Amino acid sequence: MKIKLNGKNIESNSHNLMDLVMEKGFDPASLVAEVNLQVIRQDAWEKLALKDGDSIELLSFVGGG
Amino acid sequence: MKIKLNGKNIESNSHNLMDLVMEKGFDPASLVAEVNLQVIRQDAWEKLALKDGDSIELLSFVGGG
Amino acid sequence: MKIKLNGKNIESNSHNLMDLVMEKGFDPASLVAEVNLQVIRQDAWEKLALKDGDSIELLSFVGGG
Amino acid sequence: MKIKLNGKNIESNSHNLMDLVMEKGFDPASLVAEVNLQVIRQDAWEKLALKDGDSIELLSFVGGG
Amino acid sequence: MSEIKEDTLNLGGVKFTSRLLTGTGKFASKKLIAPMLKASGSEMITVALRRVDPTADEGNILNYIPKSVTLLPNTSGARTAEEAVRIAMIAREAGCGKFIKIEVITDMQYLLPDNHETLKATTILAKEGFIILPYMMPDITVTKQLYDAGAAAVMPLGSPIGTNRGLEMKPMIKMIIETSNLPVIVDAGIGRPSQAAEAMEMGADAVLVNTAIATSGDPSMAGRAFAMAVKAGRLACLADMADEKQKAQASSPLTGFLRE
Amino acid sequence: MSEIKEDTLNLGGVKFTSRLLTGTGKFASKKLIAPMLKASGSEMITVALRRVDPTADEGNILNYIPKSVTLLPNTSGARTAEEAVRIAMIAREAGCGKFIKIEVITDMQYLLPDNHETLKATTILAKEGFIILPYMMPDITVTKQLYDAGAAAVMPLGSPIGTNRGLEMKPMIKMIIETSNLPVIVDAGIGRPSQAAEAMEMGADAVLVNTAIATSGDPSMAGRAFAMAVKAGRLACLADMADEKQKAQASSPLTGFLRE
Amino acid sequence: MSEIKEDTLNLGGVKFTSRLLTGTGKFASKKLIAPMLKASGSEMITVALRRVDPTADEGNILNYIPKSVTLLPNTSGARTAEEAVRIAMIAREAGCGKFIKIEVITDMQYLLPDNHETLKATTILAKEGFIILPYMMPDITVTKQLYDAGAAAVMPLGSPIGTNRGLEMKPMIKMIIETSNLPVIVDAGIGRPSQAAEAMEMGADAVLVNTAIATSGDPSMAGRAFAMAVKAGRLACLADMADEKQKAQASSPLTGFLRE
Amino acid sequence: MSEIKEDTLNLGGVKFTSRLLTGTGKFASKKLIAPMLKASGSEMITVALRRVDPTADEGNILNYIPKSVTLLPNTSGARTAEEAVRIAMIAREAGCGKFIKIEVITDMQYLLPDNHETLKATTILAKEGFIILPYMMPDITVTKQLYDAGAAAVMPLGSPIGTNRGLEMKPMIKMIIETSNLPVIVDAGIGRPSQAAEAMEMGADAVLVNTAIATSGDPSMAGRAFAMAVKAGRLACLADMADEKQKAQASSPLTGFLRE
């Protein structure tokens, strides 16, 4: 399945958003996820099935002034 | 005939622009005239007949920074 | 008896320094006294007899920066 | 003969001031000479015999602010 | 001095006792942030949002900020009003509350803000119910427009971000303080407590300090220093102090002394 | 931040915790002095000596100063070293202790000190065992001479007495701080807490503030403001803060965001 | 020093030898303008356009300006881009040539320009073939946009019109000079020749001075003074002068002298 | 502008048209001095005296200075009044005329002058009939004493020698200009024409510039730039220019335009 993650086109077999986060080895606790310009709360990550062409942004809060 | 001169509604009997300038006692030499948003060169002032509802601006250059 | 008090020549009948302070109506508590360039402590004022020609400075502490 | 030149004790055989200047290889034109705290004009250099213990300063004007 | 007890900073209806806003950028270790907040008493701190970086596992900055401190997400990285709006939306969705520092920068050399894009973003986000603190070039006309657009304050810069050069824009900031209907928070460039104090003496409502505290040898000590300076400047502003004098005025009696 | 606890000002062997010296001139009422001292925590305050004035019964200023505060009599009114010495002697005899602020002024327009007479008075009084704080025109050469003469500190002026113009002599004071073997106390002209903080950030050991506090609408509030500013500037000086930068330095990551 | 002969200011393809622009406002008598232009050598001067005033017969300002001097009509009075465009059109139709100083002001207190409306007017008038000199708030981002919009130069203000406060915006103007693709003409607030010289030393291409010349006791003398200062600053900029030094550097040999 | 023709600088009875004094230190080549003097129109230039150096045959500096230019030997290298007096005597004996710049320096770090030794040397040399220009720390009290001692002018420093930092001591120099009975020549630290112009606008009678001219890429161009700036500042001082204003003052009519 082809998806776009943080601006890059990648191939993924993850069924849902949580799988993808795990596949990429990120710590869910520190992530904010946006799928097709929609912010998805963490409790919904497992329910959210990914489909071909999805555009996903995985973000986190960092130090800034 | 009702016209608007420099933003004020006035009553005038001037047949053309030059008459109006004279009627108001301005020195033509130092004036710039705009009739209905059109700048009119001085040599055309006598030819330019005024009609009811005309909006006329009589301007001059002054000191400025 | 002629003495000089704070730069002014005056006539006084005071027998001692304390008399002079009283004569002038000053509050001893807030004064510093110098007689002939000698600072005199208050407990010695009564004992200090004045003599003609003495130069006396009566000073006090005031606000200053 | 022992003399002091510009603060240094030196041995010299020069008979007069001009000899000394030559001996040291200086250009007379650019020098100011002081012997025993006395400024000596150049026309007098040849006449001025040096003697043991003389203190001589040979100076020149340089760039300064 | 009782009125001081009542002296609070009101941003969009939320009251703050501290007039020192801080930031989370540039700390040698995130562990230094909490003690700095404690030492400075700062009640609001900025954070940024970025695409997660697989290489660096830095952990969530939010975990290093006590819950009692209000978060002020910024829109750094945005080069247009649209991008700023999107970042603001994400930050709020992510649970950071409704405060947002709008920061739109296209000048990559001095990192000076784009006032017009900032104004556009403010107009949009105000309608979305955000409490908006726009980072801006000191400009009286834009200050009025930001007020009309629904900003909760203006944050004119003192000097370029991270320069520690202080109130280079002082004359313009003074005019903004004099004419603004909004609280004025001097942001960026404040490198010394004395500069923070000066801003407050001029009548600024608050200052935001990040670099000077985060990059100092002892962020807690520096944070405490800035907090005291901000308070000192605020008190001076309230204590009705005398103006500059052209002539000297003796503080001791000038009468010649011990002289006939 | 423990080292701060130990941070004391040493003047002639006497240690002080507060680095804010105050003055008793220009107060609307002497009753305002004690609360100001309490609010500011100042541990040393100046007083002047004058021929008693029969007309004005102002009462003894000393009665308005808590015993815990060290007195610093000044020699104001003196126009020569000799007069300054005499005033110092009287003040000590009168029980004011051995601290003395030497102030010799012949310029009656700007009230600027006469460095040479001040140096002469310092030389004499040092031999008499006084702890001497000379008020001076900022001058490196004279600072060295005052050190050799036995002064306990130097007190260069920031700007003319009572002008509130702050550190007009800043560049020269910086050079003095850099080269002096004595503590440097910036005296005169400091009109705002920010200016006091700046002096401390530069490395001054203390500041003396009288007019700005005494003539403010609320001397206690102003005194507290100056105390905080002095502390803030001192902490900043100890916190090893970064210098000014020519170029801007982002405090948030500069990576473009949400952009392909 | 031959290269100086070639040193000209290029505005929209028109070359000028003098880098001092002047204005016709505030003169006690219009008769003072021509001699001022002669004494200063200024080659370009501003004029304004207004509804004719029946009460005051002041005569046509253009009659007091030698034909050899280029006219720079301004759009003062305009509060929107549209009004500025209309004034520019009238001025050109009236035979004032194609130079126009865009001035759009809504802030009636400090008369500071509205950068966004100014940018809009520039975009429109550039398409109409005007040579556009926009008066602006010093702003790097807007400077780039004005360049893209087709301006012939930028005219950032030094300080508010008529204040004589000089280069209050100096740090921002420096950044503009460093980054701008357009000639930079510092306009407004320049009150002393030294300030004009400083702007030129910083690398400004020209300055516009009106109030300081027109309101001086001797406009011709003042005009000459500003002309010399502008030239001096320009030469200094070209003469490759040394920077500031932290340490002193003797200009005479430091060797002790007449000392063993 | 006729009075300007008469405007001369009077030093000890000798009149000068140029108010720019220059120096011979730090030139890459002595051959650059004459053209610089021609370009700047400077009528007085400093030289120093040193023990002849066998190693360096630099030739006599005097041969590089046109006879029409007045020599101003300095006493650099002197650390006491006595040494300064001796150097002055030698210089005069050597045919350099009776002008002398007294320079006594013991501070080897910032090269700041010793005012007291300078005053002593002035007192002695005045009796010997010299025309004395003492280099000094800006100090009102010492200025009065130098006047009483017979100096022909005072030369307060703007900032430390060779730093190009300009009028760091501006406030004190202003007070000296206001109160001095002697001509005031600002010496040392002037690094830009704008700074020279500013000194003249303040009312200084002349400036002495060496380092900034000698070390520039083109000393003749720099000399010309400083000459123009000094003239510009002098004219501004005579042209009775308006002061700074707090509020903006329109230079164009403020009437709204083309608006009903």
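The first chain written gets the first letter, and so on, giving A, B, C, D, E, F, G and H; residue counts start at 1 in each chain.
Definition applied: contacts are C-beta pairs under 8 Å (C-beta built on N, C-alpha and C of every residue); 3 or more make two chains touch, one makes a residue touch a chain.
Predicted model, so just to flag it, every value in this text is computed and none were measured.
Participant: Identify the chains adjacent to both chain E and chain H in the sense defined at the top.
Facilitator: F, G
Participant: Smallest number of touch links from chain A to reach chain F?
Facilitator: The least step count works out to 1.
Participant: Could you compare the number of C-beta pairs in contact for C-E with that for D-H and name the larger?
Facilitator: When the contacts at C-E and D-H are counted, D-H has more.
Participant: Name the pair in D-H, C-E or B-G that forms the same interface as A-F; by residue number, over half of the contact pairs must coincide.
Facilitator: Repeated interface of A-F: C-E.
Participant: What is the chain whose Cα centre is as far as it gets from that of chain E?
Facilitator: Taking each chain's C-alpha mean as its centre, the farthest from chain E is D.
Participant: Taking the mean of the C-alpha atoms as each chain's centre, how many Å separate chain B from chain D?
Facilitator: Once rounded, the distance between the two centres reads 94 Å.
Participant: How many Å are there between the centre of chain B and the centre of chain F, using C-alpha atoms for each centre?
Facilitator: Computed value for the inter-centroid distance: 72 Å.
Participant: Express in whole angstrom the distance between the two chain centres, defined as the mean CA positions of chain C and chain D.
Facilitator: It comes to 70 Å between the two C-alpha centres.
Participant: Compute the distance, rounded to whole Å, between the mean C-alpha positions of chain B and chain E.
Facilitator: 55
Participant: Residues of chain A that contact two or more other chains, please.
Facilitator: As it turns out, chain A has residues touching two or more other chains at 7, 57, 62-65.
Participant: On chain G, where are the residues touching two or more other chains?
Facilitator: Those would be 23, 25-26, 46, 48-51, 74, 76, 86, 109-110, 112, 160-162, 165, 210-211, 250-253, 258-259.
Participant: What chain pairs are in touch here?
Facilitator: A-E, A-F, B-G, B-H, C-E, C-F, D-G, D-H, E-F, E-G, F-H, G-H
Participant: Can you name the residues of chain C that touch chain F in the complex?
Facilitator: Against chain F, chain C makes touches at 6-7, 24-27, 29-32, 34, 37, 39, 41, 57-65.
Participant: Where on chain G does chain D make contact in their complex?
Facilitator: Residue list for chain G touching chain D: 250-253, 258-260.
Participant: Can you list the residues on chain F that touch chain C in the complex?
Facilitator: Within the complex, chain F touches chain C at residues 23-27, 30, 46-52, 54, 57-63, 73-74, 76, 86, 89-90, 93-94, 96, 161-162, 188, 208, 210-211.
Participant: Which chain C residues qualify as touching chain E in the complex?
Facilitator: Residues 7, 57, 62-65.
Participant: Quick one: which bits of chain G touch chain H in the complex? Just the residue numbers, please.
Facilitator: Contacts found on chain G: 1, 4, 23, 25-26, 39, 46, 48-51, 74, 76-79, 83, 86-87, 103, 108-112, 160-165, 191-195, 197-198, 201, 210-212, 214-218, 220-222, 224-229, 231-233, 235-236, 238-259.
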